[in-house]
């Protein structure tokens, strides 16, 4: 079989719900283990081995949680928007399930990024909330997430909710760069640029490694949540089919 | 007046449509095929999915499985052409409260993008509303609003009529007029899909029937 | 060990932010897992009792 | 289509005035809430007017598609052979004339209320002229998505407000920098760019969103 249609075959097989359900089931334990390991490495590396930052002292260690969750909040929204597009254009139900299962975890990552950001702001600038460009666009991203979840919850019909939410995700994803740019531009307008040392100060090498571990750990954690959620969504959607009947009555 | 647009026989067919609403499969494996000169009768009690089926056929809603073909091509690909040949009348009349009867009719025909088969005044006369031309939609009764919606059947030379309970809210005379209009439409090569509570017989016309169980 | 916990004066901030992160992540995990179980249970009940219905 | 909407709108004159009155009331609240002295008003004026304009647009959007949706004419619009996006463009332009235009026309008046100098008022007028249509279009997307829902109002604002932020920032800032005699044409250009983007993209999005919402009933 040529390479091309082997991947197509895989993609096609992945499309069939029963296969995906079992495949996800197998992958899940490994994923959980990998997340735990990576999380531990990242935490130990970040909290213990990484040298204290010359300027912010130990306080900067919050970066190991704040930056990964901020990256994740953006990453998950991208995944939702891409899957939304796939669902709208090719009507692949699986991508709607992926988008649906990632909404809540995406919103929690954004919330975490905000929470850790403001906690980090306290020792640095003495105030809980700083109208810093990145924090503000993070806040707006949270509103986008809440809107997405709210819309999906408000529509009972599963199909329509999927389509409506995908449209919203696409509109949102077009606006994210615009919102980010306008907030950054607005921020430099009102505050002298000096404060913006906030996000990634010149990273020392062994500070960087734990950060990457944490980022990877967060990604894997997201994958675990995604796998669990999509399995339950799949069951919900395919409940009338034969394979669900056997699976349920046998287990 | 034979339909110049298609000339040949147009065919509307569906392949095992199915639709599920919150855990209940109300449409399963619906397949039928009707062509010019035929009527499709969809019978069933309330809530048996008649309206849903009509809305799926007209393209307002999408079925879970199965698809609908108009002259061999699925309606999603041929949306513009399908819409040109289609007149859909649902439960809600579509009459705007703020516009007068005449303005409503002119708006419908402008929206349909088709030449007016008959001028609005004559159409209103045929449904017995000629004295109501300038009354606002708001002041018209439901029956009158339905009759305004029905004037569209006289005005638009569309080939496929999809009507949801066309006889509801009409008096005896109007029902009789409507039936003769249907017969005339079908004999001229039109297609007709309709639902109705009562059992209506259209004489001298080829009728197919679909029964939807609860 | 005490010095480690003290975190050079920022103990309160660091541990609180790590705490929040852990709590929220675990909550997510817990709710997703619970939902999975309830769906399984509901379907089992639907299928085993309702064989004739669907 | 456009003609019909304008006809309908002018039949319900009372409804046209509602957002405009709301706009005036909200703006006049601020001097009472903050302080009547001109310098303070001059500094917060532009922001106040922009936020008030945004809120009154949001208010007027509630009824945008609702009457069509309820009396069934939305179905006919979706089933017409004309491309949905063209029809939607006409709908938005009609909606803008009915709700956006009055706001823009009255805004210089409110500018005086807040002691803005004449040239600042002029910039305010232009910025609203560029910004309000964007608010209308993006808001219409939100309405199209939430049309069939129960508490659509609250959800609509949650969906739409983040998308309004860029216009709010550039709009109010254009006027503020005009007040402090700083260059403002950069912001206005940004507003114009956003407007062009919205005009090209939103009709298509609105018609597909309506097609989805209509299949919900």
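We just call them A, B, C and D in the order they show up, numbering each chain from 1.
Basically, a residue touches a chain if its C-beta (ideal position, glycine included) is under 8 Å from a C-beta of that chain, and two chains touch if they have at least 3 such contacts.
Owing to the predicted nature of the structure, the values given are computational and were not obtained by experimental measurement.
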Next on the checklist: Counting one step per pair of touching chains, how far is subunit C from subunit A at the shortest?
Outcome noted: 1
Next on the checklist: Just to be sure I understand the contacts, which chains border both subunit C and subunit B?
Outcome noted: A
Item to check | Which two chains share the largest set of C-beta contact pairs | outcome: A-C
Next on the checklist: Nearest whole angstrom, what separates the Cα centre of subunit A from the Cα centre of subunit D?
Outcome noted: 32
Checklist entry - Between subunit C and subunit D, what is the gap in Å from one C-alpha centre to the other? => result 42
Checklist entry - Once you find the CA centre of subunit A and the CA centre of subunit B, what distance in Å lies between them? => result 48
Checklist outcome for this item: Chain-centre distance (mean CA atoms) for subunit B and subunit D, in whole Å, is 38
Item to check | subunit C residues counted as touching two or more neighbouring chains | outcome: 54
Next on the checklist: Where in subunit A do residues touch two or more of the other chains?
Outcome noted: 157, 239-240
Checklist entry - Can you list the residues of subunit D that touch 2 or more other chains? => result 215
Checklist outcome for this item: Which chains touch? The pairs are A-B, A-C, A-D, B-D
Checklist outcome for this item: The answer for subunit A against subunit B in the complex is residues 156-157, 159, 239-240
Checklist entry - Inside the complex, what are the residues of subunit B that reach subunit D? => result 55, 58-62, 80-81, 83-84, 86, 88, 90-99, 103, 107-108, 110-113, 136
Item to check | Complex interface listing, subunit D residues touching subunit B | outcome: 1, 4, 7-8, 11-12, 67, 70-73, 75-83, 214-215
Next on the checklist: Quick check: in the complex, which residue numbers of subunit B touch subunit A?
Outcome noted: 20-23, 25, 62, 64
Item to check | subunit C-facing residues of subunit A, complex | outcome: 43, 47-48, 52, 57-59, 61-62, 65-66, 69, 101, 104-105, 108, 111-112, 115-116, 119-120, 122-123, 221, 224-225, 228-229, 231-232, 235-236, 239-240, 244-245, 248-249, 251
